[in-house]
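Per-chain numbering from 1; labels A, B, C and D assigned in written order.
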């Protein structure tokens, strides 16, 4: 990634998150080469937002100074980078891959090592904030990897959000998974509290209001309970399988480090059990349905 | 509690919370009769803040229009109200007891029924916000009980904080316990996440910073982890036995309602296990020490 | 209960357990007065097995030297004993109630105290062994209460099974609940192990065979997994609501004693969650269906 | 392993289990080449029991028709087989390695594949039964791998115990881990039940007696509670780190298969937490000390 001119950016994964993030880059004046498994998605993006059409992953690799991936899982990132005619087959020496997927630390280290041989680099920069903050370029970006690499990429990253350095390679992915663990735990305990209170006779909406001005406040009490659970809409846009993926990553990081975390373990298992019950594409907020099944009670807003 | 004049307030429990709350009432012009198990505590309050000395609980009952209790547990409230020469023995018809203790809903209903016979009333109004917001009169007050009763007491309550109506008798106490359940769950999962991340190599302070701008944010990540855990001070001022009391109350409300809540159950049991390990007077933030014991790892800030 | 002659026995609860137990008494030469909420059940027993018809609970009380209760819950025992025209209203001084229900220790103590006033006594003697061992008079009977009382009743008890003394009043009920806790825990962990192994490719029947000759053996691996789960018959005859009742009793004993037991707590909550999902009348072995739902996998025998 | 003559057996791991197992082979007339990390242990075995001295792992490999490994972990097996001058470097085409270690299925498959290249084979045959049944040649042996391979080795295996076929490669190791999961779960719930009952006033010895004749019976109630816990001897000879290893293996099998097992997960985490608290070399029965710490109570026999 040379000094003066703006790098040309291959952008892979024009999904719920990727679309608005790629749009931020275009708005900031970068040349963007969008790519996705669904060609019609790329065409829609080219038509509605802009960018340069590219024929294949190998071609994208060859044409890009920076490649951004924001895909469902590290497994998909592996296919995209190292599969037949993948990005790596075209990548130039000096190119940098920024993996913004919520991925698995171990894999990330493997990917970086695999690219090293051809003079290319990779670091992890997963995001928090959801679709809303992706649209306004106000994501929190957790960047893990060598200083020089991340410094050089800073202008690109800052276009999409605020950057926090987490440490070495894979540490961004570890942090992202742990953040989601804390978020998922707060969601689950909050839902159980609402179920207990509702059966006692408390109004769920009132309970959420009180939690939000008390020590019980968390991101889910503020942004998810009324919006997606009490409304029964269950449409936050973040599917439960992705949440379970992150929780599983968090527990794998725990296991590799030999850290025993019983409360987190049960948290993951209940979320994963809910995904087994509801199907992987259910919205993550529908985990409340498992809590309701076990509780023998339903959370309906009284108002 | 008659219309025009300001009611005279018997105030029982001049502790960490009670002292600043009684001070707010005095500042607002109420006549306050402070009482506590420790006479020297009352003397200190009279000397430093003000109020009217009263000789006994029965005398306090006889002299008060409103009696406020903010005591460790419902059991202590019972002794204070109904023990030999307790408040009830002196209480006048028309007097109102406001129990601001974090108490047990069932007991609250029993207390109110017991007072009804002598023409007095009781409702529950526990608080959230801790010592800091008690001092500034900015507590969140969860008031449960008959409308007319609470309306009449509103000026008194508003002196100490904002009031949210939770429903019938005992519902304030239920809500308070459930709030602490959500708070305690967020604390525990957050500590485990920090332990997992720290062993991986992430800096605990940085992790807290990132949680605080991400979906992992909760009251403990914001106000407790750096302050009391990473600093190793463990001196928030709220002892673990009071937290365990509230969690136990929450699970009793669950049980009476027949609501099964496995994640909350484990949360309570781990907190209670920590209290068994650390002793009841340990600070509640020291629950992290149990997580550390199980994890086989310690959370020390790197910086 | 006087010395020489055989006492006349009022027997309340001619259900799955009570029928064969009352039959054992008749076979041993006791005069038995059967009673049940369902008159047709009593008529069937009188016709098929024998006994003396009695018109009401009060009449039964008046006519009996010994009253045996084996009913769903302590709540039902309370109604039967102390409800309008209940057993207690007729009971003579010197009569003894043996509560063989799987009951709640606290309540048992209350019942005994209530009968004391009229010169009657009660002790707890719940049973283990199920319908099969009830039929052959080989139950395990856990007797809690004063020595003299139990000694005097020993001939009656020995007719139905072997007696183990557990200690004071209520201790039989506590022990019974704790036995079922251990049984329920062994069932649950065994089913999860089968689910894990089956997905790996192990044959469930073979796994049960191996557990049964290894350290994994327990009562459920021996007597329930092949019989009621792998066969998919789910017809052991012991409904899940009764198991959940016992587990709840065990956890109440824990709570009153201030004993924290996280593993038992989760065990109870998962069983209770299964009952909420499956309905209270499902067979207790169908708890496997909750484990299957959470696992995302089913246990079908390959053979 | 040719037809007629008895195979010559290299035996690696002359520990608590390996010593009596190798002794069984010698008694049955096999030539045994004992090996262990501690030379003095080998010398003691040669002097007290018999066998043929061998200079190195490579020499053992070259001289053996069958190699048996019964070592702490799959990691140790890997070093022994594939480390510098390891067994594999000397192994002849046609030789068979029988891994009787409680190992990890994935690794077992890897080891077998690695040996295939040189015409040698490996299968897993871990054991259950402990030191006592190892001495009498009455172990339960769980054999996983190709039929022909296991059939050929059957005479050797039968010398040490009864053989149950579990399926393909690694399935013996999976089964062994799952057996220990069920055993560990039964231990933990039993100890918690004893703690609850003891605080209530029940005698621990009596409780164990009752469990043993009731549905609460399991291997731990029969063979471990009085012997190692109530006696406070904690000297079963099986260290907690080995139990935690097996539980971790079981949960890895669960994870690879995508099976969610919340109760098993908590079981593993509590055992692993106990190992973190007590140190890896503590006896596995000392897990009771963690339960006691959390319960705030101790299990001492009253008698």
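The rule is short, and it goes like this: a contact is a pair of C-beta atoms (placed from the backbone, for glycine too) under 8 Å apart; a residue touches a chain by one contact, two chains touch by 3 or more.
All of these numbers come straight from a predicted model, not from anything done at the bench.
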Which neighbours does chain A have in common with chain C? B, D
Suppose chain centres are the mean of their C-alpha atoms. Which chain sits farthest from chain D? B
So, what's the distance in Å between the C-alpha centres of chain C and chain B? 42
Between chain B and chain D, tell me the centre distance in angstrom, where each centre is the average of that chain's C-alpha atoms. 52
Contacts with 2+ other chains: residues of chain B: 260-262, 266, 269-270, 272-273, 276, 294-296
Given the complex, residues on chain A that touch chain B span 105, 128-130, 140, 142, 162, 164-168, 171, 174-175, 178-186, 188-190, 192-193, 195-197, 199-203, 206-207, 209-211, 213-219, 221, 250, 253-254, 256-264, 266-267, 270, 291, 294-297
Could you pull out which chain A residues touch chain D in their complex? 248, 255, 260-262, 265-266, 268-270, 272-273, 276
Along chain A, where are the residues that touch chain C in the complex? 262, 266, 269-270, 272-273, 275-277, 293-296
